[in-house]
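Here is the structure we will look at.
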Amino acid sequence: MMGRLTDGLPRRALVLLALLLALAVVAPFCVGDYWLTVLILILYFAYTGQAWNIMMGFAGQLSLGHALFVGLGAYTTATLFAYYGIPPWIGLIAAVAVTVACGAIIGFLAFRFRVAGVYFAILTIAFAEFARTGFDNWSFANGAAGLFLPVAQYTHNDLWQLRGHPAMFYYVLLAATVLVFVASRLILKSRLGFYCLAIREDEQAARASGVNTFRYKMYAVMISAGMTSFAGMFYAFFYNNLFPEQVFNISRSIEIILAPLVGGVGTLGGPIFGAFVLEGLAEGLHNLLDTFGIDIPGIKQVVFGAVLLLVVIALPEGLWPWIARRLGLAERR
Amino acid sequence: MPIDIYLNVAVGGILAGLVYGLMALGLSVIFGVVRVVNFAHGEMMAIAMYASLLAFSLFKIDPLLMILPCAVLLFGLGYCLQGVLINRFITRPEHSQFLLMVAIAIIITNIQLIAFGPDARSVQTPYAYDSYQFGRLIVDADKLYGAIAALVVAAMLFAFFRFTRLGTAIRACADNYTGAQVVGLDVKRLYALTFGLGCACVGAAGAILMLSADVTPQFGPVATLQAFIIVITGGMGSMVGALLGGVLIGLTAAMAGLLFTPSIKAMFVYGILVLVLLFRPQGIIGKKTS
Amino acid sequence: MMSALLEVKSVSKRFRGLVAVDNVSVAVEEGAIFAVIGPNGAGKTTLFNMIAGEFMPSAGTISFKGGRIDGLAADQVCRRGIGRTFQIVKPFLGLTVEENVTVGALLRQRGVAEARNRAHEVLRRLDLYDKRFQRASGLTLPDRKRLEVARALATDPQLLLLDEVMAGLRPTETDRMVAILRDLNRDRGMTILLIEHVMRAVMALASRILVLHHGAAIAEGAPTEVTRDRAVIDSYLGAEAI
């Protein structure tokens, strides 16, 4: 399997990956709490971006409602923990089941009724909004008032219950992000990957080549949804409070797609590179303004919007492929 | 509940729906001709709303008088946007165009946040609390004026497309891009014109809406979604469909708010959207496109 | 009498008042190379699309290897053993030549490694092996046509539907393709049903020809008979063709 994983990657890329991984592992010991939080944000968006990427980059289905899966994952694990004391990792099993089922429903409805392209994107938005307003009114989840997780302490690291120091969260997220990328690469090299790429390129030609496009689009949606639920669990247990207005908001969905779009849809390096660039820009800007004593809420999003605009116009395949080629890191074709 | 309340709420919903219908009309026109899905539509309406707000708070100009200036302002904005940017994207894949508009929407919304802050702002006209009585029906003055203004603007647009040479040329482009080019029409310029017109609608609708609604930076995305729901329900590319859809959604939302709780009405509307997308994506009036 | 590999019986297709295919019947024997010719708009591609499962006939039945296939989806038809190319080629542009054909090969092969090997075999036969790492988007038209055939061939079909696969090729390229197809037919017993305008290729390959005009069959038989048929000459070939 190691062979399958690394096959095709130039040596430079492997060395770089190993280096990055090493840096990532020691980071919490070198940086303060503030930068640790920034790193967590980067990893969070790399993770969700890659999970989203599986639907879009691999199978070509544009989802603008991924916050739905984050929210479902968050609320499932949070309510199970807050009301029944079920530890988050067990709750995750339920969360994955819920999101996969939800993804299956959306996929089934969309693909059976031939809802595609922009209409599919709007359908995903509709489902996410439906969930947002639904949870706002659902007393079981405490509605718009918000769900709060009991926080016992911050000093002692409890991995099982996900209570503890941010560094613990960092490592959990790092492990998950590495896993999601490994999984994505394995998928890409498998039958599922080939078929999804074919569907993305030309669905009709894929069908003529014997691909059951309905089934494989469903797989892509379900896998993407299931992976995203972990991000929801993380969100719930890291921030300890959930408001439907925040979690299911379309802004969350748009945030999720920014990193892979800027970095490069359909590539493996894209989402994480995009996450670094965007958060890096945001932090840089924040610090710059700080030195002048200016604080402008919303400036970060304007910059993100501008970057997205530039990428869509000038570098539609994303920043990462362009850079990878320059640095000789691109896969040998 | 007495029938009066149902009637009043229903009529209120229809009148509000007409204004949203005008906004959606712009979206429909743009899609019908240029085939671009303008995801920044609501945000553009917010621009018009803030413009009217400024005009009112600085110069005491009534929003109804801002209809023309806003329409012109947004026309210019739309024309330039299409000419400079979007025209390059005509041959690009659909989601590429879509994402372009998403980026523009993000930028507009957040510039508004920076410029005006997150709080809701509104306009208090001297007749804001007036109402007219027609028998058992009580109608708010601002909603009534707004609906009438919306109908007038829509009628002008209909007339333009039906009776003027330019309007006919634009319709030709919609039906047949290559054919129109062959006949010698400057399609790119007509596209820019159309986009401008669509945005002008939205500008007018924004000024009108300032009469009865508040504006926040978050209003943009909400309005965009609303416009999509209306246009998809009524039929993408159909002008009558947009107005009809607006009235329908306005009515449904108002009644749902009355019969259930107000927050449920949003769920209702999204539910309708899902059903329409699945079972009749061409909308009530639209034709199935290949 | 053994039934033919492909049996099209009284098939028609109506599109909202336009009759695209009008009561066409044809039987393609196993191992044959059968050509369908006729002027543009005669209904040839519509017929193909019905066989390949893109849409259902308005009337009539289509059977393959004894079983009904009209009404099956395109991927199911492919699984039954029919491979097809498109008149306007549809390669997976973002994938390499090798990846394109591997997608086809995955239909019958157990895993990606086996599929890649099968793809290599097919690529060699189609003279594309040396270009296997090239992106499909960078290929010339003749190469794209051969890629299209390769991808269909990788699905191990018993019947190949080729839609104007010679269109746009220069004579040398045409001859090359004809040779490949003839070898396929001779060595592997591949049954081929092709739509063609390039009469040179048709005469070189076909053992039987069906002529369509305005959706209806106006002639069927051996090449020599068909090309001398009065109706065929008047409607399509023109006197110079013979």
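Labels for the chains are A, B and C, by order of writing; each one numbers its residues from 1.
In this text, contacts are C-beta pairs under 8 Å (C-beta built on N, C-alpha and C of every residue); 3 or more make two chains touch, one makes a residue touch a chain.
Keep in mind the model is a prediction, meaning the values are calculated, not measured.
With centres computed from Cα atoms alone, the innermost chain of the structure is A.
When every chain is reduced to the mean of its CA atoms, the largest separation from subunit B belongs to C. With centres set at the average Cα position, the gap from subunit A to subunit B is 33 Å. Put simply, the C-alpha centre of subunit B and that of subunit C have 50 angstrom between them. Taking each chain's centre as the mean of its C-alpha atoms, subunit A lies 44 Å from subunit C.
By the touch criterion given at the top, residues 37, 85, 88, 92, 94-96, 98-100, 102-107, 109-111, 113-114, 118, 217, 221, 225, 228-229, 232, 261, 263-264, 266-267, 270-271, 273-274, 277-279, 281 of subunit B touch subunit A in their complex. Residues 62, 64, 109, 113, 115, 117-119, 121-123, 125-127, 129-130, 133-134, 136-137, 144, 250-251, 254, 261, 296-299, 301-302, 304-306, 308-309, 312-313, 316 of subunit A are the ones that touch subunit B when the two sit in their complex.
Against subunit C, the residues of subunit A that register as touching in their complex are 189-191, 194-195, 197-198, 200-202, 204-213, 266, 333. Per the touch definition, subunit C reaches subunit A in the complex via residues 52, 54, 73-75, 78-79, 83-84, 86, 90-96, 99, 102-104, 106-107, 111-112, 115, 133, 135, 151-152, 154-155.
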